[in-house]
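First chain written, first letter: the chains are A, B, C and D, and each begins at residue 1.
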């Protein structure tokens, strides 16, 4: 076997997403046979000890405390951005300016303007960009995309998207996720973004109008805290000094229309007691329907309305069969199920595929694609604020 | 056993609902021991042969072709209205004027004005009125009401209501259900009405504002037909002469707020391929959640967020245990499950209870209660039409 | 419509099964259009007041305290036997001797000898006989039979049958069901009988050998009681005077082979905490599999191993579609689900069909068929007792 | 942080299990913080190129073609055996003789005699031994063990164990898994072994008698093939020259009793169409029940029969909550589910715990424990062969 060309990756950040990406870069070469050899070259962090500890655990070869220098380094081929949200744009833009390919966590930017700037710069620089809407690469979601594309469900009438969590009861203190300056938004950017991307991906249809929207904050004040680490839900810690204001949404709901005439119904919340990570959707077409729920991520539900009537019903497909289901060949035998982090490893494989000039298993979102999702979220904000429908064509 | 006093019932109408009510009046005396003896006294219909055939099958003792005379008859104690929707108000009003107690199918009226008139007249006449929102009397729904009332789920944050069917593909001709003059509305009055009533009943909370709404008609024209019997879906029949316009909604969606601060998300449609009668809801509170889906009507799902954390989860309660679950004593042993029509029989039992001066197992909706539901549907229509939020206080 | 010929039914007994049969004879003429008009002619019971009360509630026209006279009466066409098990044989034999057609609850007899006698007498008299293995007439079970017959699952490899209940904890007193003299056996005749019949029916295959069996009694003594009515589980009543011995099995398990080479695995118990009426089976064939669980009786699960691999999975069929599913035309629209007692009404309809010279929707078990099931249960008893395999050919 | 002491691991073998173990040794140091630093020191294989390729992919530092030398090497602390089954005993015995600690794949030996020898030698050498019954370390299975141990389900009445797969249709050629010389047995050792271990682990009870057993081979001959690699299901390859005899069981079923009086019902098969990896069990106790199915490995079903009756039901526990569920702290937030290989990583963590003198999260099986499981499998073989019950006390 000839030695493959290296792909040197720099990771900017080390939070929750730093773990998932490090794991993906490490695992991809074990389970896939990528055309380029991914090298975990350097991880950035501050102060100095932090990236060192992180690098030791995850296998990064070098560390850096200077991201501006790092993203310009000749040794780096791909800059992978997993900073807190408000730093996505500065880092990604600097990397693009330096001529790098960039992969970035979602949502790609704090403001729509930044997102547009990132998309335009990527186009101008002819850079290859990638956004970690990782749920596209759950095999069941990828299969849903393939089935819809193959015409299995026909003209789409209904799109129901939901991302329901339940961790934000009033006892949780004022962590960064409740602070608009750091997080940008609450359930909208954190959760709804994923399911908007997922349904755009599966349907191949664009949302053209937000018909109505609600952004609610149920718990308006929370206990202040000091020294909570970014990126974590520090549920056990208690604030010392009184209360502070929550500046983001706890729940986001909206109704919308898609280009093909389908009506959409979306909901994201941190207050759906008992739904801990229910990221999913149901899509009803004239010839069939599909349904996905991340809490059973290995399964896709499919209703084939063209089947013999006596045996029509919802079929639970275990999406683990090599040769039949996306990404299944890389992993284990039938029904030896996959977990959350596999979606990232699958994405790492597809990113390498694209960088090596090959096609991904299913389409990868780039900065422009993620910008389209941001436009939708912005339209939701406008609709909720102005209490009226908003056409997507008016949001740029 | 002393002979019980008779309750003479007149049934006005004989369609699909005529069957469910006739069955209920017949079965209630077999499975329950009601305080009054329900007598299936007279059924109305035209022409003469129709009620005769119907009476023979279902056990009505007499027939009538003159409803105006029938509702005034001294022999009748309760007038039960199962006509097409547009006749509900005239019949019910005449019966109330004649001093009768009245039970009426939902939605109680074609217009909000009529509904208000019915509610006011009932109050003025001190009549006992009942509306057949039968799903309240599925044991699982009644249990949900009891659990919420007992404080098991705490402050409610989210109400998700849905009534999804899938029978209206483009091949279905222009039956009465697609005609606004006969049906009043489409999925809104037919389906959403049920789930609005169900969630009002379970939560004990009122909707105070519609935040946004969509009423869509996917199939705008359908094949004309002649001679289709009212009340049935004559899917097999073909229209002879061209197309006619569909004048009702195929799908209705809205976002709303409840008095207690919860946000609501409702959807009703005839185009949810694979969902044939999914009438249900999920309600998330701070201390727990409940979920119901009529397609598994014997089951209630309950999440107890106050339980020991290691064993928290969604509990599927089989609501058939005598002594523990509503109505279960009347029927069969554990897990010998009930079906659709049992909800009507349970309601007949509760109607008799109320007429005998006893309490129903769970609250029964009267005309005023159903008028409140009609106000909500009207607000949805206004919100969809004017593309803006509508406060319920503005709709009368 | 010409007047139909009457079918005069005599009901012998009034316990739990008396209720289900009375309901069936009453409902069948409302939901079906049988070729003969079933007349609820006479119900037998002792003392005199009992059948009178029963007849008033259920609509029987006459009562009798002399079953021997009743089964000979010229006015009776069909004798329907719902007595305690030990009386099945004497009543059925007397009715056959009198030239009547007979329908009998399961298990048809207390001893295998009696069952054989009943089957032989029925044959000799050319009587039409029927046994109320009602679960065959759950639409999902009937559909399973049809699918297997149509070759949808191919050569059968595995048959798993189970009937799991959980009501017999040690606090339950020594009711008749624990007494071998009255009940014949415990979980074996009460529960396993049903699932043996069900799997014979669905597979169209006969069990040829019991490979091993266990009959266990977990609670060997129970509180004595006096005056417990036959046929009911009087869980609340307390015994006065000490303990008595349980003389039947609490649990029955066996392994077996079918004529076609499939291996079978059966289990019946009253101690499966949380399984309240889980009567069901899973059958694996080379081309597909089916699975049924009575607790969700409207659903059949079907795996089609000949489908395109990417969409293979377990399909949950809601067996309520008129024109496609057995018995569905008689009842309600799609997914307006049926309950336990509907299986009896469906059977009443099929009994009338056969008596009118027509075919039932799916095969009805007669005395000979039920005798075959009894032979299997007897072989299980022998295998458990002698701790060895038993060939069915040796049991008569 | 002080440098931790190294734990040098030698891996003997590189098949399917070689991959799962390599992944575990690699991942454990990323997600856990083990007390010893696991070093992937050397992998053995032949010919030379094979372990080299394997080592490059998985990160082993050295390779060896001489396992006899390797297991004696001073540099090795733990010998991890993943060879084909027939080599387990020779390698493990050599390693024990050399004074090493040994972890071995299941089943530990080809014959009961070898297993006993291994267990006795381990005891004599005071070695720490471990067997990779990895399913114990699915968080849901570990939780089941904890709940039963805490008395949550009370006295156990029924144990149902099943391991159902469906890959062995007649088109699959005569791979090593169908050859008794290489595999030892078929579904019995491959599948039933796992579920026997799992139920012993969860119940804390020993099987004392096999009451009856069936070992069946449905497909008696299969296409011969040459050059099929050990350890893989080479479904795509075609045999060149005729048929060969299948010498193992396709399906294994048995009934048994446990020490505490519970009755057991076990089934393992490769012919359960639609069940691809359904390794699970249901255990019914007087106070509750639990149920596990690997195809939904993150979920445990629990029925609490001591709960308030109106809310009793089966609770689906998502076993991913840090602080509440075994191993959950090491991984991701709630409901970010785990997959198959995580059970191995969890086991690697516990092996290191034990070698560092700490307690594992839940008990690890050692050679003696695995020998007890082998005794049960041997008793099943004897019971099936001799067609009679077999007491475990008679099998050594």
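Keep this in mind: a contact is a pair of C-beta atoms (placed from the backbone, for glycine too) under 8 Å apart; a residue touches a chain by one contact, two chains touch by 3 or more.
Keep in mind that what you see is a predicted model, and the values were worked out from it rather than measured.
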* Hey, what chains does subunit B share as contacts with subunit D? -> A, C
* Asked: A-B versus A-C: which has more C-beta pairs touching?
  -> A-B
* Asked: Are the two sides of the subunit B and subunit C contact the same residues or different ones, given that same means over half of the numbers occur on both copies?
  -> same
* Asked: For subunit B, which other chain has the most distant CA centre?
  -> D
* To do: Would you kindly give the rotation angle relating subunit C to subunit D, two copies of one sequence, based on a CA superposition and rounded to a multiple of 5 degrees?
  => 180
* Asked: Using the average of all C-alpha atoms in each chain as its centre, how far is it in Å between subunit A and subunit B?
  -> 42
* **Distance from subunit C to subunit B - Cα centre to Cα centre, in angstrom** => 35
* **Centroid distance [mean C-alpha coordinates] between subunit C and subunit A, Å** => 54
* Asked: Which subunit D residues sit where two or more other chains touch them?
  -> 313-314, 318
* Residue numbers on subunit B that touch subunit A, as the complex places them -> 153, 157-158, 160, 166, 169-170, 211-214, 216, 218, 251, 253-255, 257, 261, 263, 265, 267, 269, 271-275, 284-289, 303, 305, 313-314, 383, 387-389
* Can you list the residues on subunit B that touch subunit C in the complex? -> 1, 16, 22-23, 26, 29-30, 53, 57-59, 165, 167, 233, 276-278, 294-298, 318, 320, 332-342
* Structure fact -> In the complex, the residues of subunit A that touch subunit C are 143, 146-147, 152, 299, 302, 304, 309-318, 321, 323-325
